[in-house]
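Both complexes below contain subunit A, partnered by subunit B and then by subunit C.
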Partner chain A sequence: TRSVLVKLALFTVCLGLAPISTYYLSQKYLWDGNSTYAAITSIIAANFVLVTYIISAVRDDSQSQKPAPKAESETKKDR
Partner chain B sequence: MTDVCPPYAPFFGFAGVAASMVFSTVGAAYGTAKSGIGITGLGQFRPELIMKSLIPVVMSGIIAVYGLVVSVLISGRIIPGKYSLFAGFIHLAAGLACGFTGMAAGYAIGIVGDACVRAYVYESKVFVTMILILIFAEVLGLYGLIVALILDTLTNGVTC
Partner chain C sequence: MGYYNYYGSFVGLLAISIALYLLFTGSGEAFNVARFLEEVNPYMWAMTGIGLAVGLSVLGAGWGIFVTGASILGGGVRAPRIRTKNLISIIFCEVVAIYGVIIAIVFSSKIGSTPIPENALYTADNYYTGFALFWGGLTVGLCNLLCGITVGITGSNAALADAADPQLFVKVLIVEVFGSIMGLFGLIVGLLMTGATQPFTAAASVIA
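Moving on to the complex of A and B:
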(Lines of atoms letter the chains of each structure in order from A and count residues from 1; the text may use other names and numbers.)
(Lines give C-alpha, C1' and ligand atoms only; values in the text may rest on other atoms or scores of the structure.)
Protein backbone atom coordinates (compact mmCIF):
# COMPACT_ATOMS: atom_id res chain seq x y z
CA THR A 1 0.00 0.00 0.00
CA ARG A 2 1.01 3.56 -0.64
CA SER A 3 1.13 4.94 2.91
CA VAL A 4 3.39 2.11 4.08
CA LEU A 5 5.85 2.87 1.30
CA VAL A 6 5.84 6.60 2.08
CA LYS A 7 6.41 5.84 5.77
CA LEU A 8 9.29 3.49 5.00
CA ALA A 9 10.91 6.02 2.65
CA LEU A 10 10.62 8.69 5.33
CA PHE A 11 12.28 6.46 7.93
CA THR A 12 15.06 5.51 5.53
CA VAL A 13 15.85 9.16 4.85
CA CYS A 14 15.75 9.92 8.59
CA LEU A 15 18.06 7.03 9.40
CA GLY A 16 20.49 8.21 6.78
CA LEU A 17 20.44 11.91 7.60
CA ALA A 18 19.96 12.03 11.38
CA PRO A 19 23.29 10.64 12.66
CA ILE A 20 25.60 12.62 10.38
CA SER A 21 23.70 15.86 10.75
CA THR A 22 23.49 15.58 14.55
CA TYR A 23 27.21 14.80 14.67
CA TYR A 24 28.27 17.92 12.81
CA LEU A 25 25.58 20.25 14.14
CA SER A 26 26.08 19.23 17.78
CA GLN A 27 29.84 19.40 17.40
CA LYS A 28 29.58 22.95 16.11
CA TYR A 29 26.77 24.40 18.22
CA LEU A 30 26.31 22.23 21.31
CA TRP A 31 29.63 20.78 22.45
CA ASP A 32 32.06 23.49 21.38
CA GLY A 33 34.21 21.21 19.20
CA ASN A 34 34.33 18.13 21.47
CA SER A 35 33.90 15.27 19.01
CA THR A 36 33.38 12.48 21.56
CA TYR A 37 30.20 14.11 22.89
CA ALA A 38 29.11 14.75 19.32
CA ALA A 39 29.53 11.03 18.52
CA ILE A 40 27.46 10.08 21.59
CA THR A 41 24.75 12.56 20.56
CA SER A 42 24.58 11.15 17.05
CA ILE A 43 24.28 7.57 18.35
CA ILE A 44 21.42 8.68 20.62
CA ALA A 45 19.74 10.27 17.60
CA ALA A 46 20.11 7.09 15.52
CA ASN A 47 18.66 4.95 18.31
CA PHE A 48 15.84 7.45 18.70
CA VAL A 49 14.92 6.94 15.04
CA LEU A 50 14.97 3.16 15.64
CA VAL A 51 12.68 3.39 18.69
CA THR A 52 10.32 5.68 16.76
CA TYR A 53 10.15 3.10 13.99
CA ILE A 54 9.36 0.27 16.42
CA ILE A 55 6.62 2.28 18.14
CA SER A 56 5.16 3.33 14.78
CA ALA A 57 5.13 -0.26 13.50
CA VAL A 58 3.43 -1.60 16.65
CA ARG A 59 0.82 1.19 16.65
CA ASP A 60 0.17 0.68 12.95
CA ASP A 61 -0.48 -2.99 13.58
CA SER A 62 -2.80 -2.43 16.55
CA GLN A 63 -4.75 0.22 14.64
CA SER A 64 -5.36 -2.08 11.70
CA GLN A 65 -6.53 -4.81 14.06
CA LYS A 66 -9.08 -2.66 15.97
CA PRO A 67 -11.80 -2.00 13.32
CA ALA A 68 -12.19 -5.74 12.49
CA PRO A 69 -13.43 -6.88 15.96
CA LYS A 70 -15.73 -3.81 16.17
CA ALA A 71 -17.45 -4.68 12.90
CA GLU A 72 -17.91 -8.24 14.14
CA SER A 73 -19.55 -7.15 17.40
CA GLU A 74 -22.00 -4.90 15.56
CA THR A 75 -23.15 -7.70 13.27
CA LYS A 76 -23.74 -9.88 16.34
CA LYS A 77 -25.98 -7.18 17.88
CA ASP A 78 -28.02 -6.84 14.68
CA ARG A 79 -28.96 -10.47 14.93
CA MET B 1 59.01 14.93 10.77
CA THR B 2 60.17 13.67 14.13
CA ASP B 3 60.43 10.27 15.71
CA VAL B 4 57.13 10.70 17.54
CA CYS B 5 55.25 11.83 14.42
CA PRO B 6 56.72 9.85 11.49
CA PRO B 7 55.28 10.39 8.02
CA TYR B 8 53.79 6.88 7.84
CA ALA B 9 51.69 7.36 11.00
CA PRO B 10 48.51 8.33 9.09
CA PHE B 11 48.61 4.91 7.40
CA PHE B 12 47.46 3.29 10.63
CA GLY B 13 44.90 5.99 11.30
CA PHE B 14 43.31 5.66 7.90
CA ALA B 15 43.44 1.88 8.17
CA GLY B 16 41.33 2.29 11.30
CA VAL B 17 38.88 4.55 9.46
CA ALA B 18 38.51 2.04 6.63
CA ALA B 19 38.28 -0.99 8.95
CA SER B 20 35.53 0.59 11.01
CA MET B 21 33.36 1.40 8.00
CA VAL B 22 34.06 -1.70 5.93
CA PHE B 23 33.63 -4.42 8.54
CA SER B 24 30.56 -2.96 10.20
CA THR B 25 28.98 -2.62 6.75
CA VAL B 26 29.73 -6.30 6.08
CA GLY B 27 27.86 -7.15 9.27
CA ALA B 28 24.97 -4.85 8.39
CA ALA B 29 24.75 -6.31 4.89
CA TYR B 30 24.58 -9.85 6.20
CA GLY B 31 21.94 -8.84 8.72
CA THR B 32 19.82 -7.10 6.09
CA ALA B 33 20.14 -9.93 3.56
CA LYS B 34 19.47 -12.83 5.92
CA SER B 35 16.49 -11.23 7.62
CA GLY B 36 15.25 -10.04 4.22
CA ILE B 37 14.95 -13.66 3.15
CA GLY B 38 12.68 -14.37 6.10
CA ILE B 39 10.65 -11.22 5.50
CA THR B 40 9.93 -12.14 1.89
CA GLY B 41 8.85 -15.56 3.14
CA LEU B 42 6.50 -13.93 5.64
CA GLY B 43 5.22 -11.44 3.08
CA GLN B 44 3.77 -14.20 0.96
CA PHE B 45 1.39 -15.33 3.71
CA ARG B 46 0.76 -12.30 5.95
CA PRO B 47 1.53 -9.03 4.10
CA GLU B 48 0.01 -6.94 6.89
CA LEU B 49 2.87 -7.97 9.20
CA ILE B 50 5.60 -6.57 6.97
CA MET B 51 6.02 -3.24 8.78
CA LYS B 52 6.67 -4.96 12.09
CA SER B 53 8.93 -7.57 10.56
CA LEU B 54 11.21 -4.96 8.99
CA ILE B 55 12.66 -4.18 12.42
CA PRO B 56 15.76 -6.45 11.96
CA VAL B 57 16.56 -4.55 8.77
CA VAL B 58 16.41 -1.19 10.56
CA MET B 59 18.60 -2.54 13.36
CA SER B 60 21.18 -3.69 10.81
CA GLY B 61 21.20 -0.15 9.49
CA ILE B 62 21.98 1.11 12.97
CA ILE B 63 25.04 -1.17 13.06
CA ALA B 64 26.33 0.46 9.89
CA VAL B 65 25.67 3.87 11.48
CA TYR B 66 27.92 2.89 14.40
CA GLY B 67 30.74 2.18 11.95
CA LEU B 68 30.07 5.44 10.12
CA VAL B 69 30.21 7.53 13.29
CA VAL B 70 33.53 6.00 14.36
CA SER B 71 34.97 6.57 10.90
CA VAL B 72 33.94 10.21 10.89
CA LEU B 73 35.23 10.65 14.43
CA ILE B 74 38.66 9.18 13.66
CA SER B 75 39.11 10.94 10.35
CA GLY B 76 38.46 14.25 12.04
CA ARG B 77 41.51 13.74 14.24
CA ILE B 78 44.07 13.12 11.51
CA ILE B 79 46.06 16.28 10.78
CA PRO B 80 48.89 15.99 8.24
CA GLY B 81 52.28 16.57 9.81
CA LYS B 82 51.08 16.59 13.42
CA TYR B 83 49.84 13.03 13.73
CA SER B 84 51.77 10.85 16.18
CA LEU B 85 52.40 7.13 15.68
CA PHE B 86 50.79 6.52 19.08
CA ALA B 87 47.59 8.14 17.85
CA GLY B 88 47.83 6.06 14.67
CA PHE B 89 47.92 2.82 16.63
CA ILE B 90 45.07 3.99 18.87
CA HIS B 91 42.90 4.77 15.90
CA LEU B 92 43.72 1.45 14.25
CA ALA B 93 42.59 -0.32 17.42
CA ALA B 94 39.44 1.78 17.63
CA GLY B 95 38.53 1.11 14.01
CA LEU B 96 39.13 -2.62 14.29
CA ALA B 97 37.17 -2.83 17.57
CA CYS B 98 34.14 -1.10 16.10
CA GLY B 99 34.39 -2.95 12.78
CA PHE B 100 34.62 -6.50 14.03
CA THR B 101 32.02 -6.07 16.76
CA GLY B 102 29.73 -4.60 14.12
CA MET B 103 30.33 -7.67 11.99
CA ALA B 104 29.44 -9.93 14.92
CA ALA B 105 26.34 -7.93 15.77
CA GLY B 106 25.17 -7.91 12.15
CA TYR B 107 25.66 -11.65 11.88
CA ALA B 108 23.58 -12.24 15.01
CA ILE B 109 20.85 -9.84 13.88
CA GLY B 110 20.64 -11.61 10.53
CA ILE B 111 20.21 -15.11 11.87
CA VAL B 112 17.85 -14.10 14.68
CA GLY B 113 15.81 -11.86 12.39
CA ASP B 114 15.38 -14.60 9.80
CA ALA B 115 14.30 -17.26 12.29
CA CYS B 116 12.03 -15.03 14.38
CA VAL B 117 10.32 -13.48 11.36
CA ARG B 118 9.54 -16.89 9.96
CA ALA B 119 8.12 -17.95 13.34
CA TYR B 120 6.07 -14.74 13.56
CA VAL B 121 3.81 -16.03 10.77
CA TYR B 122 2.47 -18.73 13.06
CA GLU B 123 2.81 -17.26 16.58
CA SER B 124 2.37 -13.56 17.23
CA LYS B 125 3.90 -13.65 20.72
CA VAL B 126 7.29 -14.23 19.10
CA PHE B 127 7.42 -10.50 18.33
CA VAL B 128 8.40 -9.37 21.82
CA THR B 129 10.98 -12.17 22.02
CA MET B 130 12.41 -11.06 18.68
CA ILE B 131 12.75 -7.47 19.87
CA LEU B 132 14.52 -8.56 23.05
CA ILE B 133 17.01 -10.81 21.27
CA LEU B 134 17.67 -8.16 18.62
CA ILE B 135 18.39 -5.56 21.29
CA PHE B 136 20.94 -7.86 22.90
CA ALA B 137 22.55 -8.50 19.50
CA GLU B 138 22.68 -4.79 18.75
CA VAL B 139 24.32 -4.00 22.07
CA LEU B 140 27.34 -6.02 20.90
CA GLY B 141 27.95 -3.38 18.26
CA LEU B 142 27.41 -0.67 20.83
CA TYR B 143 30.17 -2.13 23.05
CA GLY B 144 32.60 -1.84 20.13
CA LEU B 145 31.54 1.76 19.63
CA ILE B 146 32.09 2.56 23.32
CA VAL B 147 35.58 1.02 23.23
CA ALA B 148 36.37 3.03 20.10
CA LEU B 149 35.20 6.26 21.73
CA ILE B 150 37.18 5.64 24.92
CA LEU B 151 40.30 4.75 22.90
CA ASP B 152 39.93 7.91 20.87
CA THR B 153 40.03 10.10 23.97
CA LEU B 154 43.51 8.73 24.77
CA THR B 155 45.02 10.64 21.84
CA ASN B 156 44.90 13.96 23.66
CA GLY B 157 48.21 13.65 25.47
CA VAL B 158 50.83 13.19 22.76
CA THR B 159 52.20 16.05 20.70
CA CYS B 160 55.02 16.17 18.17
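Moving on to the complex of A and C:
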Protein backbone atom coordinates (compact mmCIF):
# COMPACT_ATOMS: atom_id res chain seq x y z
CA THR A 1 0.00 0.00 0.00
CA ARG A 2 3.01 2.26 0.22
CA SER A 3 3.23 2.44 -3.55
CA VAL A 4 -0.45 3.39 -3.65
CA LEU A 5 0.19 6.35 -1.38
CA VAL A 6 3.23 7.41 -3.38
CA LYS A 7 1.22 7.21 -6.58
CA LEU A 8 -1.63 9.22 -5.05
CA ALA A 9 0.77 11.90 -3.79
CA LEU A 10 2.45 12.08 -7.20
CA PHE A 11 -0.88 12.44 -8.98
CA THR A 12 -2.06 15.10 -6.54
CA VAL A 13 1.07 17.14 -7.16
CA CYS A 14 0.56 16.68 -10.92
CA LEU A 15 -3.07 17.72 -10.56
CA GLY A 16 -1.90 20.89 -8.88
CA LEU A 17 1.02 21.70 -11.14
CA ALA A 18 -0.26 20.68 -14.58
CA PRO A 19 -3.28 22.98 -14.94
CA ILE A 20 -1.59 26.07 -13.59
CA SER A 21 1.58 25.61 -15.63
CA THR A 22 -0.49 24.78 -18.72
CA TYR A 23 -2.46 27.97 -18.18
CA TYR A 24 0.57 30.22 -18.04
CA LEU A 25 2.58 28.46 -20.74
CA SER A 26 -0.30 28.23 -23.21
CA GLN A 27 -1.28 31.83 -22.51
CA LYS A 28 2.23 32.95 -23.30
CA TYR A 29 3.15 30.71 -26.21
CA LEU A 30 -0.06 29.37 -27.76
CA TRP A 31 -2.91 31.84 -27.42
CA ASP A 32 -1.15 35.18 -27.61
CA GLY A 33 -2.38 36.44 -24.24
CA ASN A 34 -6.02 35.33 -24.47
CA SER A 35 -6.89 34.12 -20.99
CA THR A 36 -10.12 32.29 -21.82
CA TYR A 37 -8.47 29.88 -24.27
CA ALA A 38 -5.64 29.36 -21.83
CA ALA A 39 -8.14 28.50 -19.08
CA ILE A 40 -9.88 25.99 -21.37
CA THR A 41 -6.50 24.42 -22.18
CA SER A 42 -5.69 24.09 -18.50
CA ILE A 43 -9.08 22.47 -17.84
CA ILE A 44 -8.29 19.92 -20.55
CA ALA A 45 -4.93 19.27 -18.87
CA ALA A 46 -6.59 18.80 -15.45
CA ASN A 47 -9.11 16.36 -16.88
CA PHE A 48 -6.32 14.54 -18.68
CA VAL A 49 -4.48 14.01 -15.37
CA LEU A 50 -7.77 12.87 -13.81
CA VAL A 51 -8.47 10.31 -16.56
CA THR A 52 -4.89 9.05 -16.38
CA TYR A 53 -5.27 8.50 -12.65
CA ILE A 54 -8.55 6.64 -13.11
CA ILE A 55 -7.08 4.37 -15.78
CA SER A 56 -4.00 3.57 -13.71
CA ALA A 57 -6.05 2.95 -10.56
CA VAL A 58 -8.43 0.58 -12.34
CA ARG A 59 -5.52 -1.22 -13.98
CA ASP A 60 -3.71 -1.58 -10.63
CA ASP A 61 -6.84 -2.94 -9.07
CA SER A 62 -7.48 -5.54 -11.79
CA GLN A 63 -3.80 -6.59 -11.62
CA SER A 64 -3.95 -7.12 -7.88
CA GLN A 65 -7.08 -9.19 -8.24
CA LYS A 66 -5.89 -11.44 -11.12
CA PRO A 67 -3.27 -13.55 -9.21
CA ALA A 68 -5.92 -14.72 -6.67
CA PRO A 69 -8.23 -16.46 -9.20
CA LYS A 70 -5.20 -17.92 -11.02
CA ALA A 71 -3.92 -19.53 -7.80
CA GLU A 72 -7.35 -21.04 -7.23
CA SER A 73 -7.51 -22.55 -10.72
CA GLU A 74 -4.10 -24.20 -10.20
CA THR A 75 -5.19 -25.89 -7.00
CA LYS A 76 -8.28 -27.28 -8.78
CA LYS A 77 -6.04 -28.83 -11.49
CA ASP A 78 -3.86 -30.45 -8.85
CA ARG A 79 -6.81 -32.52 -7.68
CA MET B 1 -36.96 25.79 16.42
CA GLY B 2 -38.21 28.07 19.16
CA TYR B 3 -34.61 29.09 19.89
CA TYR B 4 -34.06 30.32 16.35
CA ASN B 5 -37.44 32.03 16.21
CA TYR B 6 -36.57 34.00 19.33
CA TYR B 7 -33.32 35.46 17.98
CA GLY B 8 -34.62 35.73 14.43
CA SER B 9 -37.61 37.77 15.45
CA PHE B 10 -35.43 40.00 17.62
CA VAL B 11 -33.15 40.76 14.68
CA GLY B 12 -36.18 41.37 12.46
CA LEU B 13 -37.68 43.76 15.01
CA LEU B 14 -34.40 45.65 15.25
CA ALA B 15 -34.19 45.97 11.46
CA ILE B 16 -37.79 47.19 11.20
CA SER B 17 -37.36 49.76 13.96
CA ILE B 18 -34.18 51.14 12.37
CA ALA B 19 -35.92 51.38 9.00
CA LEU B 20 -38.95 53.15 10.45
CA TYR B 21 -36.75 55.54 12.43
CA LEU B 22 -34.87 56.55 9.31
CA LEU B 23 -38.10 56.88 7.35
CA PHE B 24 -39.86 59.05 9.93
CA THR B 25 -36.90 61.34 10.56
CA GLY B 26 -36.60 62.31 6.91
CA SER B 27 -33.63 60.27 5.76
CA GLY B 28 -35.66 57.49 4.15
CA GLU B 29 -33.59 57.91 1.01
CA ALA B 30 -30.70 56.22 2.80
CA PHE B 31 -31.99 52.94 1.39
CA ASN B 32 -30.70 53.54 -2.09
CA VAL B 33 -29.73 50.35 -3.88
CA ALA B 34 -28.52 52.18 -6.97
CA ARG B 35 -26.26 54.42 -4.92
CA PHE B 36 -24.86 51.35 -3.17
CA LEU B 37 -24.09 49.69 -6.50
CA GLU B 38 -22.49 52.83 -7.84
CA GLU B 39 -20.49 53.83 -4.80
CA VAL B 40 -18.95 50.49 -3.87
CA ASN B 41 -15.44 50.30 -5.20
CA PRO B 42 -15.14 47.96 -8.23
CA TYR B 43 -12.03 46.52 -6.66
CA MET B 44 -14.20 45.37 -3.77
CA TRP B 45 -16.58 43.57 -6.09
CA ALA B 46 -13.70 41.94 -7.96
CA MET B 47 -11.81 40.79 -4.89
CA THR B 48 -14.95 39.44 -3.26
CA GLY B 49 -15.73 37.49 -6.42
CA ILE B 50 -12.28 35.96 -6.55
CA GLY B 51 -12.42 35.06 -2.87
CA LEU B 52 -15.82 33.48 -3.25
CA ALA B 53 -14.71 31.51 -6.31
CA VAL B 54 -11.84 29.78 -4.61
CA GLY B 55 -13.33 29.73 -1.12
CA LEU B 56 -16.63 28.10 -2.02
CA SER B 57 -14.90 25.67 -4.41
CA VAL B 58 -12.52 24.52 -1.69
CA LEU B 59 -15.45 24.30 0.73
CA GLY B 60 -17.24 21.95 -1.65
CA ALA B 61 -14.14 19.90 -2.36
CA GLY B 62 -13.28 19.60 1.32
CA TRP B 63 -16.79 18.61 2.26
CA GLY B 64 -16.78 15.94 -0.46
CA ILE B 65 -13.41 14.60 0.58
CA PHE B 66 -14.32 14.30 4.21
CA VAL B 67 -17.56 12.46 3.51
CA THR B 68 -15.87 10.09 1.05
CA GLY B 69 -12.78 9.64 3.20
CA ALA B 70 -14.80 8.69 6.24
CA SER B 71 -16.65 6.04 4.23
CA ILE B 72 -13.51 4.64 2.66
CA LEU B 73 -11.80 4.40 6.03
CA GLY B 74 -14.84 2.79 7.63
CA GLY B 75 -15.49 0.36 4.81
CA GLY B 76 -11.81 -0.50 4.52
CA VAL B 77 -11.87 -2.09 7.96
CA ARG B 78 -13.93 -5.04 6.80
CA ALA B 79 -13.10 -4.98 3.06
CA PRO B 80 -9.51 -3.80 2.57
CA ARG B 81 -9.65 -4.25 -1.20
CA ILE B 82 -11.75 -1.08 -1.63
CA ARG B 83 -9.00 1.21 -0.40
CA THR B 84 -7.07 1.76 -3.61
CA LYS B 85 -9.85 1.94 -6.15
CA ASN B 86 -11.99 4.39 -4.19
CA LEU B 87 -9.30 7.01 -4.17
CA ILE B 88 -10.77 7.89 -7.56
CA SER B 89 -13.65 9.60 -5.74
CA ILE B 90 -11.15 11.67 -3.75
CA ILE B 91 -9.44 12.77 -6.94
CA PHE B 92 -12.82 13.77 -8.44
CA CYS B 93 -13.42 16.05 -5.46
CA GLU B 94 -9.94 17.47 -5.73
CA VAL B 95 -10.49 18.41 -9.37
CA VAL B 96 -13.36 20.64 -8.23
CA ALA B 97 -10.93 22.61 -6.06
CA ILE B 98 -8.54 22.89 -9.01
CA TYR B 99 -11.35 24.42 -11.08
CA GLY B 100 -11.80 27.09 -8.43
CA VAL B 101 -8.08 27.85 -8.35
CA ILE B 102 -7.89 28.16 -12.13
CA ILE B 103 -10.81 30.60 -12.15
CA ALA B 104 -9.21 32.63 -9.38
CA ILE B 105 -5.98 32.84 -11.37
CA VAL B 106 -7.82 33.86 -14.54
CA PHE B 107 -9.79 36.51 -12.67
CA SER B 108 -6.85 37.91 -10.79
CA SER B 109 -5.11 38.67 -14.05
CA LYS B 110 -7.83 41.27 -14.67
CA ILE B 111 -6.98 43.24 -11.55
CA GLY B 112 -3.74 44.81 -12.64
CA SER B 113 -0.69 45.58 -10.61
CA THR B 114 -0.95 49.29 -9.89
CA PRO B 115 -3.97 50.50 -7.90
CA ILE B 116 -5.99 53.22 -9.54
CA PRO B 117 -6.98 56.26 -7.46
CA GLU B 118 -10.67 56.75 -6.90
CA ASN B 119 -11.04 59.84 -9.01
CA ALA B 120 -10.05 57.83 -12.10
CA LEU B 121 -11.61 54.52 -11.18
CA TYR B 122 -15.36 54.82 -11.75
CA THR B 123 -15.62 54.25 -15.48
CA ALA B 124 -18.17 52.04 -17.23
CA ASP B 125 -15.51 49.48 -18.16
CA ASN B 126 -14.33 49.21 -14.58
CA TYR B 127 -17.87 48.81 -13.29
CA TYR B 128 -18.40 46.03 -15.83
CA THR B 129 -15.22 44.26 -14.79
CA GLY B 130 -16.05 44.55 -11.11
CA PHE B 131 -19.59 43.22 -11.44
CA ALA B 132 -18.59 40.46 -13.88
CA LEU B 133 -15.82 39.23 -11.61
CA PHE B 134 -18.12 39.24 -8.58
CA TRP B 135 -21.01 37.36 -10.13
CA GLY B 136 -18.74 35.09 -12.18
CA GLY B 137 -16.85 34.17 -9.04
CA LEU B 138 -20.07 33.56 -7.15
CA THR B 139 -21.37 31.36 -10.01
CA VAL B 140 -18.24 29.27 -10.12
CA GLY B 141 -18.08 29.02 -6.34
CA LEU B 142 -21.67 27.88 -5.87
CA CYS B 143 -21.49 25.38 -8.75
CA ASN B 144 -18.29 23.89 -7.43
CA LEU B 145 -19.64 23.84 -3.87
CA LEU B 146 -22.62 21.73 -4.80
CA CYS B 147 -20.60 19.63 -7.26
CA GLY B 148 -18.12 18.80 -4.52
CA ILE B 149 -20.87 17.82 -2.09
CA THR B 150 -22.52 15.67 -4.79
CA VAL B 151 -19.33 13.84 -5.70
CA GLY B 152 -18.53 13.39 -2.03
CA ILE B 153 -21.80 11.81 -1.02
CA THR B 154 -21.91 9.69 -4.19
CA GLY B 155 -18.33 8.62 -3.61
CA SER B 156 -19.00 7.61 -0.04
CA ASN B 157 -21.87 5.43 -1.12
CA ALA B 158 -19.75 4.06 -3.96
CA ALA B 159 -17.19 2.95 -1.39
CA LEU B 160 -19.80 1.16 0.68
CA ALA B 161 -21.41 -0.42 -2.39
CA ASP B 162 -17.99 -1.56 -3.57
CA ALA B 163 -17.35 -3.13 -0.19
CA ALA B 164 -20.57 -5.11 -0.50
CA ASP B 165 -20.36 -6.05 -4.20
CA PRO B 166 -17.32 -5.21 -6.37
CA GLN B 167 -19.27 -5.07 -9.61
CA LEU B 168 -21.25 -2.03 -8.45
CA PHE B 169 -18.30 0.33 -8.37
CA VAL B 170 -18.07 1.06 -12.08
CA LYS B 171 -21.78 1.79 -12.27
CA VAL B 172 -21.70 4.23 -9.37
CA LEU B 173 -18.64 5.86 -10.95
CA ILE B 174 -20.84 6.90 -13.88
CA VAL B 175 -23.03 8.86 -11.46
CA GLU B 176 -19.92 10.56 -10.10
CA VAL B 177 -18.80 11.54 -13.58
CA PHE B 178 -22.16 13.19 -14.19
CA GLY B 179 -21.85 15.00 -10.90
CA SER B 180 -18.42 16.34 -11.66
CA ILE B 181 -19.55 17.68 -15.02
CA MET B 182 -21.65 20.21 -13.09
CA GLY B 183 -18.52 21.85 -11.77
CA LEU B 184 -17.34 22.13 -15.34
CA PHE B 185 -20.60 23.88 -16.28
CA GLY B 186 -20.04 26.50 -13.60
CA LEU B 187 -16.53 27.06 -14.80
CA ILE B 188 -17.60 27.49 -18.43
CA VAL B 189 -20.29 30.00 -17.49
CA GLY B 190 -17.83 31.88 -15.30
CA LEU B 191 -15.39 32.10 -18.19
CA LEU B 192 -18.15 33.25 -20.53
CA MET B 193 -19.20 36.00 -18.14
CA THR B 194 -15.71 37.39 -17.78
CA GLY B 195 -14.41 36.69 -21.25
CA ALA B 196 -15.07 40.19 -22.54
CA THR B 197 -13.91 42.12 -19.50
CA GLN B 198 -10.96 44.44 -19.70
CA PRO B 199 -8.50 44.73 -16.84
CA PHE B 200 -8.95 47.72 -14.55
CA THR B 201 -7.73 50.83 -16.35
CA ALA B 202 -7.60 54.41 -15.21
CA ALA B 203 -9.99 56.89 -16.78
CA ALA B 204 -8.65 59.11 -19.53
CA SER B 205 -9.76 62.32 -17.84
CA VAL B 206 -9.42 62.52 -14.10
CA ILE B 207 -12.38 63.79 -12.05
CA ALA B 208 -11.02 66.26 -9.53
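Definition applied: the second predicted complex is superposed on the first by the 79 of 79 C-alpha atoms of A that agree within 3 Å, B and C clash if a C-alpha of one lies under 4 Å from a C-alpha of the other, contacts with A are read in each partner's own complex, and residues count from 1 in each chain.
Simple rule for what comes next: a residue touches a chain if its C-beta (ideal position, glycine included) is under 8 Å from a C-beta of that chain, and two chains touch if they have at least 3 such contacts.
From a predicted model like this one, the values you see are computed outputs, not experimental measurements.
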Checklist entry - Which of the two partners, first being subunit B and second being subunit C, lies in contact with A:Val58: first, second, both, or neither? => result both
Checklist entry - Residue overlap on subunit A between the subunit B contact set and the subunit C contact set? => result 4, 8, 11, 15, 19-20, 23, 35-36, 38-40, 42-43, 46-47, 50, 53-54, 57-58, 60-61, 64
Item to check | Residues of subunit A defined as touching subunit C within the complex | outcome: 1, 4, 8, 11-12, 15-16, 19-20, 23, 35-36, 38-40, 42-43, 46-47, 50, 53-54, 57-58, 60-61, 64-65
Checklist entry - Contact residues on subunit C for subunit A in the complex? => result 81, 83-85, 87-88, 90-92, 94-95, 98-99, 101-103, 105-106, 109, 184, 187, 191, 195
Checklist entry - Considering the complex alone, what residue numbers of subunit B touch subunit A? => result 48-52, 54-55, 58-59, 61-62, 65-66, 68-70, 72-73, 76-77, 131, 142, 145, 149, 152-153
Checklist entry - Contact residues on subunit A for subunit B in the complex? => result 4, 7-8, 11, 15, 19-20, 23, 35-36, 38-40, 42-43, 46-47, 50, 53-54, 56-58, 60-61, 64
